[in-house]
Each structure stands twice: as C-alpha cells, then as structure tokens.
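Handing you this structure, nothing more for now.
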Amino acid sequence: MRKICVFIGSRANYSSLKSVIHSVHQNPNLLLQLVVGASAVLDRYGKVIDLIQRDGFSVDYSFYNMVEGENPTTMAKSTGLGIIELSMIFDNLKPDFVVIVGDRFEMMSVTLAAAYMNIRIAHTMGGEVSGTIDESIRHAITKFAHVHFPSNSDAADRIIKMGEDEEFVFNVGCPRIDLVKETLENNDSDYWNSQFENVKGVGNKPDFNKDFLLVSQHPVTTEFGSGRKQIEETLKALQQLKIPSLILWPNIDAGSDDISKGIRTFREKYNPEWMFAVRNLPTELYIHLMSKTRCLIGNSSSGIREGAFIGTPVVNIGTRQSGRNSGNNIINVDYSTDSVKSGILKQLSNGRYEQNQIYGAGDAGNQISKILEYIDPPVQKKITY
Amino acid sequence: MRKICVFIGSRANYSSLKSVIHSVHQNPNLLLQLVVGASAVLDRYGKVIDLIQRDGFSVDYSFYNMVEGENPTTMAKSTGLGIIELSMIFDNLKPDFVVIVGDRFEMMSVTLAAAYMNIRIAHTMGGEVSGTIDESIRHAITKFAHVHFPSNSDAADRIIKMGEDEEFVFNVGCPRIDLVKETLENNDSDYWNSQFENVKGVGNKPDFNKDFLLVSQHPVTTEFGSGRKQIEETLKALQQLKIPSLILWPNIDAGSDDISKGIRTFREKYNPEWMFAVRNLPTELYIHLMSKTRCLIGNSSSGIREGAFIGTPVVNIGTRQSGRNSGNNIINVDYSTDSVKSGILKQLSNGRYEQNQIYGAGDAGNQISKILEYIDPPVQKKITY
Amino acid sequence: MRKICVFIGSRANYSSLKSVIHSVHQNPNLLLQLVVGASAVLDRYGKVIDLIQRDGFSVDYSFYNMVEGENPTTMAKSTGLGIIELSMIFDNLKPDFVVIVGDRFEMMSVTLAAAYMNIRIAHTMGGEVSGTIDESIRHAITKFAHVHFPSNSDAADRIIKMGEDEEFVFNVGCPRIDLVKETLENNDSDYWNSQFENVKGVGNKPDFNKDFLLVSQHPVTTEFGSGRKQIEETLKALQQLKIPSLILWPNIDAGSDDISKGIRTFREKYNPEWMFAVRNLPTELYIHLMSKTRCLIGNSSSGIREGAFIGTPVVNIGTRQSGRNSGNNIINVDYSTDSVKSGILKQLSNGRYEQNQIYGAGDAGNQISKILEYIDPPVQKKITY
Amino acid sequence: MRKICVFIGSRANYSSLKSVIHSVHQNPNLLLQLVVGASAVLDRYGKVIDLIQRDGFSVDYSFYNMVEGENPTTMAKSTGLGIIELSMIFDNLKPDFVVIVGDRFEMMSVTLAAAYMNIRIAHTMGGEVSGTIDESIRHAITKFAHVHFPSNSDAADRIIKMGEDEEFVFNVGCPRIDLVKETLENNDSDYWNSQFENVKGVGNKPDFNKDFLLVSQHPVTTEFGSGRKQIEETLKALQQLKIPSLILWPNIDAGSDDISKGIRTFREKYNPEWMFAVRNLPTELYIHLMSKTRCLIGNSSSGIREGAFIGTPVVNIGTRQSGRNSGNNIINVDYSTDSVKSGILKQLSNGRYEQNQIYGAGDAGNQISKILEYIDPPVQKKITY
C-alpha cells in the first residue's frame, strides 16, 4: 500500500489540501500520513492542528519550527529548523510520496528534506505567477517535484515550458474549489446565522444578511517595510465609504507585524464604527461570506481563485497576485486610497458575477488521490530540453 | 561600494570560483566578502579554507555545518543547519550579491538564506544537465537566482527557456577554464616534478612522466546503495589493464562511504600494484595531470569541462554527467567492467584531442566581476511567460 | 586587554547586569562585548536590545533563537538553537570571560557554548534557592562557572558547600540593587509624573500618587497547566478589594500563555474598574512604583530582592520563590483567593518597611568589574571534595 | 507500566548501560525505550546501534547529531542539535524516566531536553572526580538528575554533599562491572582464540596468549592542542620497550584528530614492529584482554574501574582520570616518555592484583531496574541546604 504523506503548515494549506486528505484517507489503496508544523501548530494562528483532529484525521507527527521575530532572517532560520525536524520525521515515516501545496517559505523545508532523501514530491498549485518571493519558491519547488497538480491550464502550460515532463503534469483544478463547491451547496440559513454569531473580533460586527465588505490584506515579502503604509491607504478608502467591513488580520510572514500595527493604530486613532477585525474565520464561513459580500478587498489569492467560482466582486490591491490567471470578477488597483475607493465603487455598482470554472469543477481531491495510486515518476528527474 | 559575497563549500567550489574571487578582489568598485563552510572547513577534505588563506584571501566567516553520517538524512540535516548559520552571517555581512556555483546540496542553504533575506544571487554554472539530485538543485537555484553566468551556450539557452529574463543571463564561459588556461601555460618541468613528489597516498605512486591513468568516481545520489558495486566494476577493468593509476577518493556526499569501502576492500583483497589512492590533489596539479594522462576514467565533471579545453581522453561512466554539453573527447560507457575496459582501450589508441572552447576562453572571472559592478536586477523575480 | 562578554536574554537580565555592563565599559583594562538574544530581541517583549542601544552600549551580536510555542518542548528547542548560534558568536568574539546572570532556560545555551569552548564563565546570582526548574538550572550553571558573584551570604555559602573553590566566590551583593539605589535617589516628581503618563496599557490607569497595588505573577514551569487557575485566584482576591492595581503580563516561559489568557478572560468577563494591564514597564519606573505601592502581589523575585532594599510590602504567592533568602517585608501565601486577600490586608495595615541590605549596598557592578580585571581561575575545574 | 528510556551515545555508554538495559527489558513492570545517537550511530565509531540490535534490543529512535570538525565549536554545536532532536523524540515517547550515564558532552543534550520537558532523570556514574570538562558536565547533570546511581561510596558521598537528597542516592556499584563479571566467568579458550583472530587492525597483531600491552589514550578536552605531543611521548616509551602492544584509536572528542595523527605519523616514520592499531574492540574482548595483558597504559577510565575488579596492572597517564576513586592497581604518571616507561617497568615486575570491589559486585543493573519500579522523586528539585 502506497504511503502518501501530506504536510500542513498553515490554515491556508489545510483549506487547500483538505479534499485531498479526505480522498486519500478514503482510498483503500493508499495509506494517509499527516505531518503538521509551522504556523499550523501555533495558538496565535488558531491552532489548525486541533481543527484537523476534530475533522477526524489523526496526525502522525507535529513539530514546532517557527523562530520568533517575523522578519526575513527568522523566515530563513525557521526553514532551516524545519528541514532538521522533517529529516527525522521522513526517516520514520518513509513515505512514497509527499504532497505539498503552493509556495510559502516553509514549503522549501518539506521539499528539500524529501528531495534529498529520495522521496517523491507531488506539488499542487504550481506553475502560477505572483509577484513576490513566493513566485521563486513555487517555481523552485516545481524543479524538485515529481508530479504536478496545477490548478488551471495556464499554470499547467507554464510548468511544461519550465522543462517538466508533460506525462507528470495534471490540470486537476484547484482542490480549494472542492470545498467551495461543498460549502455553496449548504443553504441552511439557521446554520449560517449561528455561525455568524460565533464570530469573535474587536469592533462592531456587521449584519451579514445586509451589505458588508470583506478585507484581507497581507504583507508583500519583497516590499518589506511598506506594509503599514499599504494597509493605511486601504483603511482610509474604507473610512470614506463607511460600509460595515470585516477585516482579517494578516497571516504569519515577514512584515505581518507592520500590517497588524497599521490596523491597530488606525483603530485606536479613529475608532471607526464600520470596522470589525477578526483573527481567523472557519474556511467554510469565509467562503459563505464571499458569496454574500458586496466586495472583497485586499491581496488574498482567494479573490482570484475561489472568487471566480463563487462570482465574488473583488478589488485586488498591488503586486502580490500579479500574473495569476484571473476571471472577470477582478478589478486590479494600486495601493492608493483613491484607487482602492474607486475600485470598490465600481464593484458595488456591478454586483455578483457568473460562475467561472478556470480553477476547476470541484473534484481535484478525488483526481489527485486516483493518480497517486498508480503514477510512477523516476526519482531522478531530468529537464526535457 | 558593492559588497560581493562569495561562498565556498568544497574544493571543487574553490576551483570553480577562484578566478572570480581574484577578479572581485582586484576590482576597486567591489568589496569582496568570503564565507567558507561545508566540506571546505574539514580536515578530511583537505581543509580548503587554509588553501584560500594561503592564496592571500581573508575569510570573513567560516562555519561547520556537516552532520556526520554521509547519508540522505544527514545531507538534508546539514542543509538545514547551513541555513541557520548563513542567516546569521548574512545578517552581519549584508552583501549586495551572493555568488554561488553549481548544484551541490549545501548550495541550497546559501540560496534559501539569501533569497529569503532579499539578497540578490549570482549563479555560475547553472542551466546544465546532469542526471542526479544535482540536476534538481541546479535548476531550483536558477529559479531563485537574479543573475546567471552559465558556462556554455546550451546552458544559457536552457536558463532562458526555463523562464529567466534574457537580460540577466550571460554566457561567460566556465571560470574553471580560467585556472586551466593559467596552469597549462606553466611549462616548468622542475616545478611539476617537485609537485609529483609531494603527492601522498597509499599504494605505488605512478611515474607521471610515463603512461598513467587518472580515476575519479563519485557516488550517484539517486543510486544510493549501488556505489560499491559501481566502483568495483571499474576497479576490475583496471585490474585487467594493470596500467599505473592514480585513484581519487570520492567527495563528501550521500554514498561516498560505499565508494571508499569498495576501494579499500579491493586494495586489501588484491593488493594491486598499479593502484595509488589519493585523498586530494592541488587543483592545478590535477589539471596538469589531466594534460598528461593517457585517459581519465570515472564520472567527474572535470572530464567534460576541463577535459574539452585540455583535450584529455575521457571514459565517462554511468549517469552522473548525462546531458552535459560535451566535446568529442568523451566516450560514454555503462558501469560494467567490459564497457569500462573497452572505453579505455579506445581512448588509449586515440591519444590526445584538440582544444575545444565550448566552456569558454578562460576569462570568465573578469567578465563576471565587471558585470557585477553595474547589473541591477529586481529583487522580486517574475517568470517571463 | 581582557575581553568581557556579557549576554542579555531578557529585560530582567538587563536590569540585573546593567551596572556590570556600565562598569566594564568604563574600565580601561577591560573590553566590553555585548551579545543579545532570546526574548531581548523580540518586539512582544519590548525589544530590550533597542533600550540597550539607547543607553549608549553597542551590541556586538544579536540573534533570534526563540522557537514559537511557549511550552516545555520549545523551551528545550530554543536552548538547542541558542547553543548553535552562540558557538559561532564565541568563535568570532573569542572572549576571556562570559558574564551571565541567574537561571532562565536560555542561560544554559550560553553556559554550554562557553564551557565546551574553554571560555571562562562568571556567574552572578548563583547559589540561590527557588522551587522550580530554575533551581536546577542555576545550580548546574554553578557547576560550570569559574567565578561566582552571589548576591547574598546565604547564596555564597551554598555555592561553597556545592564544592566550588572559595577563592573564586565573591559576595558582592546583587547588581540589581545598584540600579535601585540610583533610582531611589531621584526625587524629581515632575519627572516621575511624566513617566506615569507614558505608561500604556489596557483598562483604567491608577493615580500613582494615591493608593495602588502592583501585581506580577509568572507561570511556574513545573506546574505547567495550572497557571490559569493560579492567576484567577489572585484576580478574585483583587476583585474583592477593588484597589486600583497595575498588572504586568507574564514573561516568556512555558505556560505564560495560560496566565495571559487568565487575565484576558477575567477582564472580558468582569470588566473590572480597578484593573490596568501593562506589557512592560521601564525598570526604573518599576522600582519607583515599588517604593510607592501599598503592596506588591505575585511571585516575582523583585519583591524579595529589590523589595528588601526598598522596604516594599510584598505578598509572595506559591512556590516560585521558595527558599530564597528574604527579609521581613515578605508575607508568603498559597494560591487561594482567601490567602492572597488576607496577605494583602496584613500588608496594607503594616505599611512600608526599613531598608535591609541582605542583597548588597548597591556597588556590585563596580566590584565585579574590578575582580574580572585580575582573577585567573583554571579553565579546568575540580570539585573541592 | 513505567516507561524507562535509555539513551546510548557511544560504545562506552553501551558497555556501561548494557546490564541496565537487559534488566529493564526483563522487568515485567517496566517498558524499555531505547534512543541512540551521537557517535553510536556512526560507521567510523563502529556503529554501536547495529551491535545493540544484534543483542536483541529494538531501538525506538535514532538520530544523527554529530557536526563534523571534532573541535570545541562543533562539540557545542552537536549538543545544540542533539537537544533539538531529543525534544521531538521525548515528545513522542513521553518516558517516565530517562536513564543516562556519566559525563560526555552529548549527555547535556539528553539532560536539558528531559529536564526542560519535566521528565525525570536517572543518572548513573555521577559524583566522580576527573580533571576535565567531563567533571563539570558530570556535576551539572547531578544538579538536574532526580535519582542517582553512583558506582562507589566516595561518589555517593560527594553527590549528597553537593546538596542532593540522600533518599534518592543509591550506591549500586558500576553497571560495567556486571559485564566484567560475566565475561571473566567465560573460560572457553577456543572461543577467545577465535575472537583474537577476528581482531582487525594495522600493523602486527600480538600473540594474545603471550606477553602484550594494551594502550588507550584519549584527548584531554581542556588541553586541546596538546594531544599529539602527549601520545608521542607514550609511543616513544613503548618504542624503547618493544613489547607487542595493541593500541586503540581515540574516541570522538575535541582533539581526537591530534591523537590519531600522532599515531599515524609515528607509524609511518618508525614502522614499529611492536605496534598493532585497532579501531574498536568488542567490549567483552577488551575485558578479557584486560585480564590477560601485562599492563594497560593510557588514560582510559577502564583501568581504574574494570581494572580494580579484574586486577589489571595499569599505568595511568596525565590528568584525565585525576580524582577518581582508584584501587592499588594504578600507578599514576605524567606525560613524559621517562615517566611512562618507568611506570610500565614497575607494573611488569609487580604482575596481577587481587580483585577489589570498590566499583561494585556486578549486580548494578538489577538493582537499578528494581529501584526504578517504585521510586518517585519530585519533578521539582530542591537543594538540601
């Protein structure tokens, strides 16, 4: 029986790989191994590991590798520590494949430990274009990965152009869309209202059955030091509109402290009635809110990806998502207050968009699990040209 | 003044970057920073750091990161430890560019620490094709690197095809050829004879002014566990020919113990008169011997690269160099005794080859140093397609 | 000139060693080397490194080694990472002596790196008795240390009884008392009032010229998991008294999250008017407040040590300080609401105490610096019996 | 059922704890957990882990933590890496007690990881006196350990004087004597002759049924840099006597390279007929040879400990064992050729000594296992004075 080891390092990872984990777990020809680390084990990022276990999956190994500091130096150091931990874990688990997602810095720990130890790597969401260090990481992982599961055809083409063997590239769609599809099918308004009530944060909670905005803005690694200014511009635009808005705190990354400070200081200074700031949202609730919000603002990839399938109006700010394959639900703007505001106004007047399947039809998890049953790429890779 | 940090992790690294170090050091617009780690600080690999200092360069930082064991697990672990060390070193040196060479596993330490810390990376010898984990490492480094100095036109083309910006790709030739050129110009036979005398090893030393063979066979990472069998086949072929042969012990890598054991056991068993086993050779002496040997046997990249410029007859064994741009001085064979033997016999009857400049004309160091004076690639990379 | 390296890993460390740093810095026969790590480089512990630099000292090396998680596992892991960092730092600084204070877990990093690298260790505040893992750490450091600067005669006797050579044990008093003395001499009420104004926290700030309480309660490592209950008992006692109280958030340690949660939840639940919660206080302001408060409550060592010299009425809760040499200003109580409340009431009726010099006369820094000029203990220690 | 975790980091560790492992394994009330690291997993130290498994014990976790370099810096770094590995291992094994032996540098990894993680430590061979960094390490471990199993009454007294609670100090004798006793009972000369034949080394093997000497000389950590000179003096003395001698290569430690070089160079220079140099000996064969040799020379603790029980004539050189409780079979000498030679001559004329039970009667393993069944020391230690 093939041993398939899935690594989860953050809440976003889990959303992306949950349907894969589920499908591998159900598959009688595969043995699921779960390894959890990075921010997914930490209290202040909502301890995703607890969520995973509540969902009925058992975790084989978990480890702490995040060095405190949240700057470029500790990002490197945490990666080094992660490799050390994972080399011991893989020594014990001896998986046939390691499944990883995307491009966050901790993914290089998993990639290097696996590649150096002759364990084959299955990579989801490769081949995409952003505009940050994530871009370099994503493509470097592609050069180590043995099987590729890009989320859209552009990404698949790009992987093949980079010299990867077409035989091992599968455009299965984005596994996050699997969850989106499932969530959108839930129309139980009592359930959702009780979910709304559970949301905890600081400030005034919007009435989610009326008009509200969603805001999710993260630091851009290569613009380290500019995060505070960037979020302030966005907040000023929102201050002019005064529509009730749910703001998510940024994820762990070099520079997230800047964004957090920006939000905190703005709140202390203006005490804005429209603002409601939240540490984390359950993924399914976030998706539901994306289907209800008048507009999602920020630089989260969810606007482009889940947003296309859901039809959410999105104002995408700055360089973080540049180059990603996106649908017509996106309006791109720069960091200034004016641009952000005018983007939002356009989306408010447009309203919701049609469903667009550029990121798949919601069955990626199943496809991936079936492919991992039989696929047999050589451990030793070779560029195709 | 731009700070150019060069990392040396092995004897081979130093041979590859010595002319670059020299040119940067001479350049009044650049400040040289030298960092030395991995096997380059270790006694049992000839302590290259001492050689560097004897050559008149001062080392800014050196560190120990090789975890004992010489297996895939410790290869990963050493890399993790290297990142931790280098993150502190770069924090102190704050270089504008880090210059690295090639594809050995420790290079990922330098690459990740630099990339995550927003330090630009200049990569020499990228874009080449081999057939091992080195191949994946090399291309992954390309995806992180900001300036590329491939050693030949095939490699340059490959880098551009992988999606790198043509503007930052320079086919300067191989900097190791700079040293080769300098060494070949030295015709002082007294000097070389005294060098011959200094060579220390076990077994009978060949007369280097008569016929002799050179053997340099390393473990293939992805064929971990087969090294011993592989070297034994080669040794059996040599045993049939009984030509005096200088054998180099393998470099540090997962599996090098296997090769070492193979040599040691063969020696204890057969006590072969033709064998002379040497831990290390000064690079220039190695080059000189390449210009004198009847044939170089094994899987060292030097046969293909330096060999083309020198005209050395080479029998290249197995998969380690597969895909490299090579001249007509190479005969490729598989691991079997018969293939190796027949390859050697062909080369013996052919004799030396003409000089071939596919790996440059011997001025790569100067070209690189001049380009690093002005080049200004963005920290934030983006694939070209 | 002797190189004296002082390590600072927390705010408390800096308070303890500031006068030593000052004296070494002034001493023309000594060269000061400063190394800063652990929580002293972190934003969320008030970035003590910035304070050190504002005080006019330059930092030779700083490093990040705190692995996120705040549990026993990460405490161990952070120590391991600290050793790795410090081994490189000491390799570069090559100090004659390393000066460390006390007993926190990160001190074992400094101790082991120095001891293994044949660097002599000067240990301040050894020989004391507490009742936690700190006790084991403190005595283990004593067994590695070459010169001992205990803060009181009981501690000095204990060090000698443990088998240390009397010749290298000096009861110089506690260097924190040096700062206390200096601070108490400052009677400028305008200065202090402006300091009061700068204090930032959540809740209602007390009027520090009227009656107020100070609360500082930390997790007890060996009672991991009980911290929340412990702080709740204290808060309930305070809730009954309703005297304006400044509460300090706990320091970084396994279990500090529990205490923090306890405070946060209590606040959200009862919204107590008397509570004012503060992340950090400048040390001198803390000392000044100790000279003004009606009572200090909790388990901070400051109550026993600085409290004796200042004459602060203290209610000391639980086991954390058990066994420390204490003056008559201390009332020891258990964790229960009733005990804490009754202890506070006794101290309120007693009022301030006389100065007690059991922890020195305020010149420890000078004494230590003078002794480090000439002392020459053997690198190789030997127990005296 | 109590979980008893035994850590083995070297061949010497295993000899010391083998009877404990055996007794714990047999005890129906205890669950044995085995963790192997440091030099015990390395080929060039004879891969003790293989031996352990051949002896029928299964290893729960093994890890690589030795950083190459064999100097004080890497000694520190290896310890740091060891803590990181062990913190994950203990997280998984959750032992009730960790059993460790002695005083080598890697033992601090085990001690700190266990102590910080609130796991109780049982320490064998504490309380002894040597004259090196080992002395500091041994006493520091005592200050962390919860149960003490010293090997002799002097050591037990010393532990109690250091402030440890008498209730948890048990003079069980040295567990290495358990093996010695068992080995001495084996009189099968055919068996021993076949063992002699299996010994592999360089040089001329002595006839072990005739007169021969045993030599085992290790680097002294605090005399780093002097090792080569020290071994040379010894070799010169042996060169004058020309009695067939089995020399053991030194164990892994800062400075062992110096000793190795000394031996190698001496051999290359003088090609001494009397010398036979061996990497490792099976422990039982070593003990048997101790019962047959005319004299054991060097600074190994085996001379003092096993030697007392066996009655071996020993010439103990230099400071490494100074302060150990020793019988009358020991002659202490300094490093000079003359002293060493005159010491050997005295022992040759004296011959074998009577059995002396200062290090126990050979039942330590059983005693320890029985005590670990019921003993219940507090996690939180406190000095007794």
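Worth a mention:
In order of appearance the chains are A, B, C and D, and numbering begins at 1 in each one.
Here is the rule we go by: a residue touches a chain if its C-beta (ideal position, glycine included) is under 8 Å from a C-beta of that chain, and two chains touch if they have at least 3 such contacts.
Quick caveat: nothing in here was measured; it's all calculated off a predicted structure.
Distance from subunit D peaks, on a Cα-centroid basis, for A. In terms of C-beta pairs in contact, C-D outnumbers the other of A-D and C-D. Spacing of subunit C relative to subunit D, judged by their CA centroids, is 40 angstrom. For the pair subunit A and subunit D, the distance between C-alpha centroids works out to 53 Å.
The residues of subunit B that reach two or more other chains are 73-74, 77, 81, 84, 88, listed in rising order. Put simply, subunit A touches subunit C in their complex at residues 41-44, 64-69, 73-74, 77, 81, 257. Subunit C makes touch with subunit D in their complex at residues 72-77, 79-84, 86-88, 90-91, 105, 108-109, 112-113, 115-118, 129, 131-133, 135-136, 139-144, 158, 161-163, 221-222, 224, 254, 319, 322-323, 379-383, 385.
The touching residues of subunit D, when paired with subunit A in their complex, are 61, 63, 81, 84-85, 88, 92.
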